[in-house]
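Take a look at the structures below.
Same chain, two partners: chain A is paired with chain B first, then with chain C.
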Partner chain A sequence: MTKRLPILASFLPLIVLMAIAYIWPVAAIIRGSFSDEAGLFAGWQNYADVLGSYYFRDSLWFSLRVSLISTFLSVALAAVLAMALRDTFAGKKIALFLSQYNLSIPRMAAAMIMVFLLSQTGLASAVSHALGFTESVGDFPWLVYDANGKGLIIVFVWKFFPYICISMLGVLQGASLEYEQQAATLGIGKWRRFFFVVLPTAAPAIAVSSILVFAASFGDYEAPAILGSAQGRSLSVMLYLKYVDPDMRDRPEAFAIMVLMGLVLMAAIVTCRRLAAGGARKRGL
Partner chain B sequence: MTMRARNRMIIITVAFVVLLLPLIPLLMWSFATFWRWPAIVPAFDGGYWPRLFSDTRILPALRNSLALSALVTFLSIALGFFAAKNLGTRNFRGKRLIEFSLLIPTFVPQIAIVFGMQTVFMKLLLYSNFPGLVAAHLVFYLPYTTLLLAAVFENYDTALEDQARTLGIGRLKTMLFITLPAVRSGVIVTAVFCFIGTWSVYLLTNVIGDPHFKTLPVVIFPLVSVGNNSYSMVSVAIILYILPILIILMAASKALADSRLGARKGAI
Partner chain C sequence: MGCLELTDIVKTYRGAAEPALRGLNLSVEEGEILAILGVSGCGKTTALKVVSGLERQDSGHVALGGQEMDGLAPEKRPIAMVFQKSLLFRNMTVAENINFAPRIGRGMGKKLLAQKTGEMLELMQLGGLGGKRATEISGGQEQRVSLGRALMTEPKLLLLDEPLSALDPGLKLALEAHIQEVNRKLGTTMLYVTHDQKEATRIASRIALMQNGRIVQCAKPQDFYAKPATKQVAEFFGWENFIPARKRGALVSSPLGEFAIEGAAAGDGGVLLCVRPEAATEIGRGRIKAVVRSVLPQGIETVYETDCSGARLKLSLNMRHSFSAGEEIRFDIDPQMVWCVAADRVVI
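Moving on, here comes the complex of A and B:
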């Protein structure tokens, strides 16, 4: 009994804060998602409206696609960099440096940095003109502000791939080496070793960090708000516009979108924890 | 599987270029008022830097951001410290549930909760004032800090503490001279990540925050989202937005290298 009390007491600030400032708002959002604009119970109507709307499905697809492609490209680049860094003496230090600096640049700043570099009047476009690849501003491809979210993908990959690289290095410099040596002794070639030994060993670490990257890019508001275009709209920007619209008729639908977004990410957390636990078991920890 | 040295050097060099090159136009814009396509280098005239001190928004916002992030970081560590210690060093019923709940505010995007918070904070008179702003940040960064600190405490051995207690050393002394020094670098790393997290927050501060206490992202956002023509001013503001983070990371680089936490859990 004497041991119980301090444990509960140590969680008191957290519990009080989360109950008042997180659980209550969540309850308000869930209630809002089942009410009409007058606050009367509306059943599943808002969800039906949202899921039936072309704009919602379009935005959901846009956000899912952008964050999945960003995650996939980040993993691919991270794998290449990690394989290059693993044998170097200073590899870990370099990767740590890069991952911490890039990851720490706020998304708003990262988005604007990419505008300066990649917009049609940006530095890359000027260099391409000087080299004779393009003749006018319009010749340079729409990399930012485009409808397919290319600019967003560039921002997310730029920010996140060193982070995935770091978590892969941890595995590649440890457990994986031993298995690879065994495989090499058995005469297994280098690409087969990569796909059948290295990747499976690093899989749990890759999975956990990619889910983190997926969640961070899926839910981001600032980068899509800066780099978005009228055609391709991410879910977070759509939700924001629906909620702040002076005509408050869209608010119940906005609440339903918030709940759906929360559910997607709850699924991500559960998967992440499963994978992390599975990975720890496999490594015998 | 070892890679040939030449290929390795190429990959590492390309990675550095890709990661650092985008900063060049940012730096150039900050020193140039005009930069017309297709010039590769602008006409440097000092840009917005000479006018920075007469600017009424950027420097006060920088000061506000520093104050807010420092305060939120301090409060998160102070309020989360003992919870994290219990999570990291003890086993008790409900531990997994608590760990899971702490992940939710870290994972679920702020856009999905911020408007619900707005309604509740209005009822609690915490809307559009400073205490409300601090509370709103704590909602996300107290759980985050607690999780990171709990990971620090997982590698912490309570044996020394128990010995101290057996020797009759008081709780406060044990805490100050035994517990804190042992987890020092972990606490520093956690503080750095928490600071960077609150430093990047825009939406929450804009929706819940105090209109008289504008932080740097709140000042920068309207400048960048409207096809703005003063890129030089935007660049200066963004450099001032990134610089404190770089300084903090450098100052904490020893702790970051010491702590295994630095490699595993990033400041997402």
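Moving on, here comes the complex of A and C:
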């Protein structure tokens, strides 16, 4: 007991900093979500208004769908690449660079690049028209500004798969390789090895990076603001618009949306970790 | 023809300056335990990886039971491997680890699987531990599980890559005996890699000594102590005295006298007379004289560095004899503990 006090005391500046930088703002948001525009306690009214709104439910579904698809595609692409990149081969350094160079590109720049590349007035459309695949640039499919968020998904996958790929590579080149070799010498074929040995070993790394990708794409503002079909489709854009609306009556709803987004992310974290742990247990690693 | 035939295997890892295997030739007989012995980095593990298919050789051939294995994936070869680490699947039980291969790889029926798992648990002396988690057993038990898991595939050849090197000496001896017993019972051919000369001598019916990526001698364990093929082999097996001598037929003349040595591969002319440090007999009465230069007590024995007619000779004597530096020793040499090797044979 006598030793604990000095240790706690040494952590005090950090605790105070965390309280100021994190706990206080979160508490303020939660408080704001239960208040009206005058700051008076409003009970669950803001949540009832938000959850009862068609626009909120539509935006939530849109953001969830785009984030989940982006996460799934990022994991799949990263898994394929990590499996290919873990072996030694000529040109591996170049392949590694190509798979990771986009980490340094800001998300807003990535969104702009997609506009230049994939919009109907972009490079792909012009090339398609020049090669005679489309009669006019207007025939080129809507890949950005579309209602299904295809452009967003492309940006998120392109931007986020390297994170998963790096963490998977670390696992695949380490302990997983030894177990995989052991399984191979026990007569277990390539695909079974992947599902019963490689995937369970990499599951914690995949889970953690998937959560990061999901959280980053679910809460991202820049890309949806640039590539979204209509302002307000993505939850983060809707939240921003409500927060900066001159009509202060919308601000408590913005706080309620923030809390709901936080709850979605917490649920995603818990689900992902449980799935990873369960999968690993089931497959025996 | 042996069970396993390795012919002129060459393997160089990408980016490595030197080949790991430089024309490896080896023949393993059906049902035997053959130990590949060598220092770290000599290519032992690479040899096992090439045999198992985990590494592909640059040239040369691997044949098992007369069938070419070249180009076959590891899972397609009737070969199992036990690694230095037990590599047990940590969240499985002992029984689930044991039956991993037939359960996951072959989809064996539950009844047959349970029967075979039970039999293997008994053979591995793990009866009663089947339900325990892999994390709840000792290091020795882990290696038994690993061995049992490999044997469940009913391999034609079992590769063991220093499986006992992490165990303490007592446990090591027990497991060596167990591996020999399994070999006798199942008749499984085993290729056992170790850097430990004594371990190889105890466990194997033949030893292949590996140096710099090739086999320099393959023989029965006792032959390495009695008839080493080269100076390097002799040094590895504890021969410490190499005295320049001349050989004519079976007769070798040296400063220590003349010795009749039958069967040595060295040709006539200049050779090295190899003398084991334990070779001195008739201490105090023999015909050979030497002057003690230094005394190195080593527990129950003492090593004397002596000068014998211009030749340096190390003698290991038990504690009944005691000499000081400068003193003269008289002794004879046990003719069973001398051998000769070519003076100019250097393996690179």
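Following the convention adopted for this analysis, the second predicted complex is superposed on the first by the 227 of 285 C-alpha atoms of A that agree within 3 Å, B and C clash if a C-alpha of one lies under 4 Å from a C-alpha of the other, contacts with A are read in each partner's own complex, and residues count from 1 in each chain.
Here is the rule we use: a contact is a pair of C-beta atoms (placed from the backbone, for glycine too) under 8 Å apart; a residue touches a chain by one contact, two chains touch by 3 or more.
Remember, predicted model here, so these are calculated numbers, not experimental data.
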Partner chain(s) touched by A:Phe133 [first = chain B, second = chain C, both, neither]: neither
First (chain B), second (chain C), both or neither touched by A:Ala84: first
Which superposed partner A:Ile113 touches (first chain B, second chain C, both, neither): first
In the superposition, chain B vs chain C on chain A residues touched: B
Which of chain B and chain C A:Ser125 touches, first, second, both or neither: first
Touching partner for A:Phe196 - first (chain B), second (chain C), both, neither: second
Overlap of the chain B and chain C footprints on chain A, listed as residue numbers: 88, 184, 190, 193
In the complex with chain B, residue positions of chain A that touch it: 4, 6-7, 9-11, 13-14, 17-18, 20-22, 24-26, 28-29, 32, 80-81, 83-85, 87-88, 92-94, 96, 98-109, 111-117, 120-123, 125-127, 129-130, 137, 158, 162-163, 166-167, 169-170, 180, 184, 190, 193-194, 198, 212-213, 215-216, 218-222, 225-226, 236, 239-240, 243, 254-255, 258, 261-262, 265-266, 268-269, 273
Interface residues, chain C side, partner chain A - complex: 14-15, 52-54, 73-75, 79-81, 83, 85, 87, 89-92, 96, 100-101, 104-106, 149-150, 153, 159
Parts of chain A lying in touch with chain C, wherever the complex brings them together: 88, 178-179, 181-190, 192-193, 196, 280-281, 284-285
In the complex with chain A, residue positions of chain B that touch it: 1-3, 7-8, 11-12, 15-16, 18-19, 21-26, 28-29, 37-40, 79-80, 82-83, 85-86, 90, 92, 98, 100-105, 107-113, 115-117, 119-121, 124, 135-136, 138-139, 142-143, 146, 196, 199-200, 202-203, 217, 220-221, 224-225, 231, 234-235, 238, 241-242, 245-246, 249, 256-257, 262-264, 266-268
